[in-house]
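Okay, so subunit A shows up in both of these, paired with subunit B first and subunit C after.
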Partner chain A sequence: MTNEPLIRVENVSFSYQVNQEQHIPVLHGVSLEVYPGEHLAIIGHNGSGKSTISKHLNGILTPREGDVWVNGINTRDKKRMHEIRSQVGMVFQHPDNQIVATIVEEDVAFGLENIGVPPEEMKQRVDFALEAVGMSAFRHRPPHHLSGGQKQRIAIAGVLAMKPRCLVMDEATSMLDSCGRQEILAVVRRLHREGMTIVNVTHHMSEAAAADRVIVMEGGRIALEGTPRDVFAQHERLRELHLDVPDASRIAAWVHREVPAFSPALIHNEEVVAEVNRLTIKRAEASGS
Partner chain B sequence: MSAEFELTRNITIGQYLPTGSIVHRLDPRFKLAAFVILILAIAICGTYVGNLFALLVCLWLFHLARIPLRYGLSGVKPAVPFILILAVLQLLFYGEIAQGGTIYLQYGVVTISSESVRLVIVSAMRFVEVIFLSSVLTLSTSTTELTHGMERLLRPLETIRFPVHAFALIITIAIRFVPTFAMEMEKMMKAQASRGADFGTGEWWRIVKRTKDMFPILIPLFNVALSRAEDLILAMEARCYTPGAARTRYAHYTAHGRDYAAVAVSVVMSAVMVGIPW
Partner chain C sequence: MSQPIIEVRNLSHVYMQNTPLEHRALTDVTMQVAAGECIAIIGHTGSGKSTLIQHLNGLIRPQSGTVIVNGLDVSHPKLDVKALRRQVGLVFQNPEDQIFEKLVGDDVAYGPFKMGLPLEEVRRRVQWAMELVGLSFQEMKDRPTFALSGGQKRKVALAGVLALAPKVLVLDEPTAGLDPRSRSELLERIRRLNREEGLTVIFVSHNMEEVARLADRVYVMADGRAVCEGTPRDIFGSQEILRAHRIGTPESVDILYRLRDQGYPVDVGAYRVEEAADQIVTLIRQ
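Right, the complex of A and B next:
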């Protein structure tokens, strides 16, 4: 990708302050770029700093050292915080803890109220956002009657209404059941197709496999970076980092050990099916001729 | 055993009873204003006839809102002991203050006169009227509308730097989290009960014991509340919330003729209540 990065993280170090003397260092000189329109996944085990780096992307945390630039604006610039946060929206882990209002549509409007959007325009934007996540029918419901997946869709709608360029998901699917997770992933896939930049911080390797690019965090540093295929090919290295590989990848590796013709570099379920088909046809042809 | 843990199944926040009557359809800002005017009139009105009239107004409102009167009565019921105690105390010790009229009985500090009897009866009536009125209001207005109405009516206070919006937001968030915490509490009670704790089985008069029974629930509940609050702050900040900053409002109400009429009617009725000389 040759275009300008949307978010540039330059040599960022960060530590949480426990008390006056004690700091817990979390990030050590992390640099990364998020390009417009890409789907980036950040993985890493607990405490690797992946959530902390994601909170730097829209200025919720500001680096102790280094800089974060969002579309050319430094996140230290408190005066332009609204600009930064309307460009980079964030959905958090817990579905219940990010809904503010007692009615769905008002919650979606919350961010718009904060940045002072006029009421007429607000109405249109809320309609658009609810439509985009498929929750228009629920607009007058109180949020506590919704399922986890529906609540997360509302949270995404709240971000979309701000018309961001980038959506950061901080383990947004980790509290959901499988159905809810699929709902969210479907919404995210569609948004990405329509041009939204996605940064997905996740525990689920299958989600990472669906990204354009994967960054693996370890001990506050970037341990690996590359396309999902390159990253998940490094089984040994990932095991050292206490990370799993996608199911498809593991199955492919197993089969490869028994049947050397079977490609080990597969990361999606569909690819495994295709590979099995390919080999079956090949065998049939071989025995036929 | 099962029923006592079912906290979330029947949860209703506020007690909104949608009947779609004209009272329900009133603009909450105007409804709240009319309500405040009537409450003030009731507080001022100290006559038998005035209070009888106020009581009639309340009954008429129930009828108009198509809400069965038993909803109002169920609000009065828990207040009855309080009203009685208040009546007795007023009867015994208010004779000195509420002087005038004929004296029926005088014994030591206890003076019972026609004036003090009037005071007792009028206070009891006021009580019932206020409960009736607030019942009509809360039964015909959703909590969301109430918050909006309140926020709008308090807006003049912004000139003296009262944080009206923050205040409304606090109430909204409180209402929003009631079911969440009810669910949390249900989970904790089940977890504790499965390890042998027992809730609500002590006799009702052993208040200390029953209170102590709740500690294993209350402390973790506080803990959870704090961590949820931290998450919520983060989520609000991520969506550009700045305390005290100027914002626009999504909820939009347009006043109709009936809304102005409602306030006018309440003013007239209040004038009658206050103006009646007997």
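Right, the complex of A and C next:
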């Protein structure tokens, strides 16, 4: 990726203010780039600063020190907040805090009404967004009677309707059931294939394994960065950081201890199956059958 | 099964009954939980799990059917709700919402204080509950609640419920949103409460690794019905059940099913990571 970053985070420090004397520092000189079309995962334990950094990506928070640039616009430039938010949309952990309307389709259309999208286009975008999250059948229902997972899909639809270039998900799947999660991840994969930049802040190691690049936060700093395979090879380091590896990696490591020929550097379920195939076929060939 | 501590019979619930928005959340649900059991309730979003557990401490009263908790009839019009809630502690899905005091110790003390317990007893219970969830009483009691991390807030909320000394602990998605270490710690705490303190535990979860690790028995909900019940091995070992009710599998089980689909003789009921790995070792060595 030689192109210009879509988002540039430069030496950002941030602290939450408790009262006039007391600050709780959360970020210490963090620098990172998000490139157009990439799928970046940010992981780290509760309190590591990953949520705080993600809230800097579209100006919900602005740095105490340092700068964040979205497509060349500094997020301190409050007058251009509209442009920033139209490029980088964000979905949070708790859907209840993101739902504003009394009917599902009105909730999805809420952001569009605010920016004055014509009715015909608005309908198309709402249709697309509801379809994308598999909630079309619920468009006339009141959101407060939906389950947590369904509400989250509505919140994601609301962001998708804005057609941002980058979707930031701050633990957006952590309240969903595994099927709901799989659906959202399928939606995200599709959006990513179609060119959307994805930043996924997650506690699910298997989600991070699906990204192009993983950043690991610890104590408000970047502790590790690399491809999922490089990052998840570091079992011990991750454990120190209160994290884990995908189950596929744990299984691979376990099997590798018993059968050294079995690769320990696996991160996806299908890779484990392929490795079993490789070894059993090799053995079948060796025995001449 | 020994004498059930919870008995749900033919429970049905309809939201906004007799309006155009009428929505049937539970249909004819029957379940029994023995004292000391650890029960998981699973099912996809909207299957009625949360509606069901809100009956267990009387937040919702039965419209039809019965719910009996340790001899208390939840549908009885003169139900002593306070007595019920001393028996059944409910930890909601976003327990951050249940924290409203400025200091950790005060928040945990709120319930026992409202029960009218003497101050010394309140203090003793707060200390006991905080230590149980892994919060040091000395260090944490005077911390401001808003400055806690997600995992710590979850522990504070859990301690607040435990301080009421319930016999039954009901948890809605206890580890959602926690990092792997905090999740692992909290699961271990819940397991100990169940195994060592003898608490009956009922938890709703969509995390199948968690269900595999904790539950003695699993109830599967779908479209408001309790469609099947069994040990984790029964449930995860049956592709028919998993497919029919759109239940996710632990990742270890997903790998086993993929292997079985390719013709390998594996036991798909081996749902723990170590068991699954052992299955693979056996396959390769055969």
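One rule holds in what follows: the second predicted complex is superposed on the first by the 284 of 289 C-alpha atoms of A that agree within 3 Å, B and C clash if a C-alpha of one lies under 4 Å from a C-alpha of the other, contacts with A are read in each partner's own complex, and residues count from 1 in each chain.
Here is the rule we use: a residue touches a chain if its C-beta (ideal position, glycine included) is under 8 Å from a C-beta of that chain, and two chains touch if they have at least 3 such contacts.
Remember, predicted model here, so these are calculated numbers, not experimental data.
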Based on the superposition on subunit A, does the combination of subunit B and subunit C result in a clash or a fit? clash
First (subunit B), second (subunit C), both or neither: which does A:E113 touch? first
Who does A:P143 touch here: subunit B (first), subunit C (second), both, or neither? first
Touching A:V255, do we find subunit B (first), subunit C (second), both, or neither? second
Subunit B versus subunit C, judged by how many residues of subunit A each one touches: C
Classify the contacts of A:H242 with the two partner chains as first (subunit B alone), second (subunit C alone), both, or neither. second
Going by the contact rule set out at the top, does A:H45 touch subunit B (first), subunit C (second), both, or neither? second
Applying the document's definition of touch, where does A:T102 land relative to subunit B and subunit C: first, second, both, or neither? first
Touching A:V9 in the superposition: subunit B (first), subunit C (second), both, neither? neither
First (subunit B), second (subunit C), both or neither: which does A:H94 touch? both
Which holds for A:A223: it touches subunit B only (first), subunit C only (second), both, or neither? neither
Give the one stretch of subunit B, out of 5-13, 41-49, 149-157 or 239-247, that collides with subunit C after superposing. 5-13
Taking the two structures together, which residues of subunit A meet both subunit B and subunit C? 94, 96, 142
Footprint of subunit C on subunit A - complex, ascending: 16, 18, 24, 44-48, 93-94, 96, 141-142, 145-150, 171, 174-182, 203, 205-206, 242-244, 246-248, 250-251, 254-255, 258-259, 262, 269-270, 272-273, 276-277, 279-280, 283
Contacting residues of subunit B [partner subunit A, same complex]: 13, 143-144, 147, 169, 172-173, 175-176, 179-180, 228, 231-232, 234-242, 245-252
Can you list the residues on subunit C that touch subunit A in the complex? 15-16, 21, 23, 43-47, 50, 93-94, 144, 147, 149-152, 173, 176-184, 206-209, 246-252, 254-255, 258-259, 262, 264, 273-274, 276-278, 280-281, 283-285
Can you list the residues on subunit A that touch subunit B in the complex? 55, 58, 60, 81-82, 85-86, 89-90, 92, 94, 96-103, 105-106, 109-119, 122-123, 126, 142-144, 155, 158-159, 162
